[in-house]
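Read from first to last, the chains carry the letters A, B, C and D; within each, the first residue is number 1.
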């Protein structure tokens, strides 16, 4: 549930509500907007829910107390209607622009990383990706360069002027990764590693949370809820394909998750056609499909010489292919934005309103 | 396998090859192109394959004999490199334009159909859809108006000037449906109804083959192979979502099938976001995603008053929503085409070539 | 809904209820038990449901009118609490014994069939299986011997003394297959071929309905409902594996369907480990697992020389393997039955009752 | 690859081979059997593989060098043909007997645990289970009593005389859990938490590794490989259901994994019908199905008052239901073992041999 304060509520009123919540052994989360403040009540309530709602509704400055119908609370649009915009260095995710995260699957050497970083930056990428700690299905595969790779990434950030995203695999790595990287990535296999989610929820770095390949959209949002309820509001969701019976592709890219999530949550959502398809020839069409579906960004693996890559050789683009993708994707995104704005401006307002509310309701089952 | 004739081969040479194939109890399928003719050899070969290849290679006018590596033969790009373009009345599918099939889930009345037909035609749809025979999960649900609906569809075609697509559910219905409709649809539940596939393979009407919700891409192409090998080359594939563990949506739309299929087969491929998502608010973003993925067309359910619909009420658009979709989708498709042509023209030719051959190879597992 | 007649109701009362139902354009289905009669009301009711319930409840001889909570009606245990027992020649399915259907995937020759039939009969099989019309993924694979195979099957029945089950693929084949075979099989690809379901619903032969490899349990029961509501109450369900992401096996055998279905429906359920696993070494353990789960029978593919088989070579048992399976499976089933009866007899009756009612409730989601 | 030593090889010969392996930067794993010793060579070999095989084959005392065809090495039956038997206190897993792990989902209080422990011990359970650290989808659900629960578990072990299995969720918990518990459980969500797998690979406690609900059998064995290659050979696999499109059950229990794994690996495999089905009425039939499939054991959730449980209330058995299960399951398992031994003794040895080798080959795709 959350408490909506009256427009006229004072700071003391807000404090009074928070104290009442804390006194119950529950946690208040404040979401302030210019026109009014809302406070989510988080924790196990059991049988006292109804009585608590009544008690909070009676407090000074409270306009109303509203249940949150979904199991995810802080991440829901019900509680937080405006879209979250994540800012990191010069990059912005979720403001209507198109974020492009690009870089090699694994950081393999200083030279390989720098060559890629400069190439993707020149072509218009906004964030640099690169794996330092690599979760691999086999214990006998290349496991990443570790801290050495983190250092290269930090150097590459300075040279290319792009913030850096890289994966963190266990709670004890969070500090060192946060020291070097700008965005912490949680990989698909760790989406329900709750100790790790809680740990990244406590640092001052945005987190990119990849969907578990076997996870439902609801479980994914519950995983994001672990991070946000631990104190970190800057979560970016990344769709990277789910597991199905189809065998031509490594995974099945669930692009419908993009508009669904825009209705269910305020968090930005990007898509990763490299991991979803596993094949470089499919990356460009599926990146463009992601743009059509309304994604806030795209993550693409790029390697100067993909055939020599130590991991995921088959799915990485080379630099000319990446430039060719950008030459189509960026203007296509701009055109889509222009067209959407045009329709919103001219459509009878009821159509646009119905679309928006239908989208929010589309999450019901 | 298929036999590639020399550019200088005579008609008699072609006939000689066909006779040799028939003499083996196998069936020859000719694919003539301006520069040369190819003849596919279809049927069970068992142990005689190698000997047969040698024998055919030695015939007059034969340039070479080539195996077809995939289980689908006539539908493969290996045998038939140019894209198939299906023409029906004034509509064209697969020529680079965007086909828009629109209309109600079920034909419910003459008025309902005419109102929809005129509305979608005015908004730019190119083909009218409408269910006459409805396959329903429950024997107690509305099963369609049957032949009465076929008559309305034929009338609507004449009024709106759009060719008509409608589903056929069993071999004994093929003739009557072919009498009234321009394109025969095979529904998702009948994708492996081989008696039906063979029956529609024998009529002079294009067939739209929907993917089985539990079928792999390869099985889908094998189903198309049943139709083409029965004599009907005009098959349009339609992706409509597959079954996965995700429960927010009715199905999971497998858009990656679109670029994959463009590499594997010469048949056109359209997408159906209405059935894939089951929710009208998701139709527009997923139609645009389909455009981004490179689909040759979109099928959308439209009803003048969706909330009164006798079937699929939740997923049908009303006419203002359909117009709003078209206002974004048509110019977006045009822009994408322009951008792609531009990149192909300016990209170093090796990049474009590599993309094309990579796409064809992407079907390998 | 269904109408439960009072124990004292007369035949005229029953007739009165049926007439009232028919007068509404709905169909009555009578289920007579010694102690009382129930009449299901089948058809689209829409808004008149409540009024109709009241009206029927007021008729002479009616004890009460009860809604059926599930979408399947005639096949539900709510309406028909006793288990259906299917009898065909000397074989019985669903009476607590273990039905064993065995025979080749395809009938390939008179000799091959007779050798198999005699072998499986001698080992204790109760029903002979064999494919005459074969639905094959590829149009270029062996499609079965057709009517010739039907004749061999009828001959084999007479020699081996076993009733015969074989697949029917389209409505126009139903009569000829019913002429030669004792049980009509609907294959996995045709589970939602509603024309075919309706057609087999009209003949006087039991039907074995295989689960669609992509179908839910509820859709499977709805398919059975098509058959039963067309007039044929003798339906045997057959679990044969569903499609998942696992690739070591052809399908994933969903054995949990067995106890679930025993709660949801009165129809018998058998399992087919040959198609579910696709590998002969897995057939014995999974047949025994089926016995443990409570299946009413097992269907197994047996071929005298599996490596020469024209279809499904990898999954057919040879005769020694089949005999070895029977030597374990039959006494294991007998022991399980003995143990269950023992526990039911000694357990405090509340435990047994709770188990039964919990099982029926287990179908709720 | 692995090196098979001659029966006559000396200890010095074995040492010589190990040194040669270490000198390459690779790791030798020794598997000694009475008749001969084998040494697996573990690590990334890349291009030097062939040369290395030749070099090792030429060393003193080496009989032959054999490749391991599968990606899992130490866990494969190719390398280690005898079944691994895990012994912990008085319990034995994998020796042909039936291990029964039983206890509450979560340890909720000292009394609840003791009552359950004594009840399941009296009914014949061999290992006590109970959750101390609970991975929950929602951050707002009960997360377990933590270390307090560990203490209760240790006490319960002493009272009931049963070894204890409980879940560990992160590397930093491994030491404390290993201090109190006898078997460390890795939960389904952490199956690919490689940091955790490596950590439990370093302690002297058997590990029970649950299958990831979205993981293939091969990925599961690769996860086991992480543990074994870190130094811990005592891994028990636990099938607990995978995610499919079926919605009546929480997961789909993949029992075919049991015989498949018996062919692929030497590790014991148990099944968990409580989590696989999510419904208590389905636990008994699916436990018996697991016995039929050849499982080495069963894990069942038992709670004195399931309806009051703080987690998984719907799937826990109460004590009378557990006793009723045991009364059927234990004698059924004994009978199956007797029948199998009987068939093995009388069957022509070729049948038994073919079965075994077919089972090992069944893992090929």
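By definition in this document, contacts are C-beta pairs under 8 Å (C-beta built on N, C-alpha and C of every residue); 3 or more make two chains touch, one makes a residue touch a chain.
No experiment lies behind these values; they were computed from the predicted model shown.
Colleague: Quick check: more C-beta contact pairs at A-C or at A-D?
Modeller: Here the pair linked by more C-beta pairs in contact is A-D.
Colleague: By mean C-alpha coordinates, which chain is most distant from subunit B?
Modeller: D
Colleague: Round to the nearest whole Å and give the separation of the Cα centres of subunit A and subunit D.
Modeller: Between these chains, centre-to-centre, one finds 36 Å.
Colleague: Indicate the whole-number Å distance between the mean C-alpha point of subunit A and the mean C-alpha point of subunit C.
Modeller: 48
Colleague: Where in subunit D do residues touch at least two different other chains?
Modeller: Where subunit D meets two or more other chains at a single residue, that happens at 214, 243-245, 247.
Colleague: Across the complex, what residues on subunit D touch subunit C?
Modeller: Contacts found on subunit D: 214, 216-218, 242, 244-249, 252-256, 258-260, 263, 276-277, 279-282, 284-286, 288-294, 320-321, 324, 327-328, 331-332, 335-336, 339-340, 342-343, 347-348, 351, 354-355, 358-359, 361-363, 365.
Colleague: Okay, in this complex, where on subunit A does subunit C touch?
Modeller: Contacts found on subunit A: 243-245, 247.
Colleague: Sort out for me which residues of subunit D touch subunit A in the complex.
Modeller: Subunit D reaches subunit A through residues 42-44, 71, 73, 135-142, 169-172, 189-190, 192-196, 212-215, 219, 222, 225-226, 229-230, 243.
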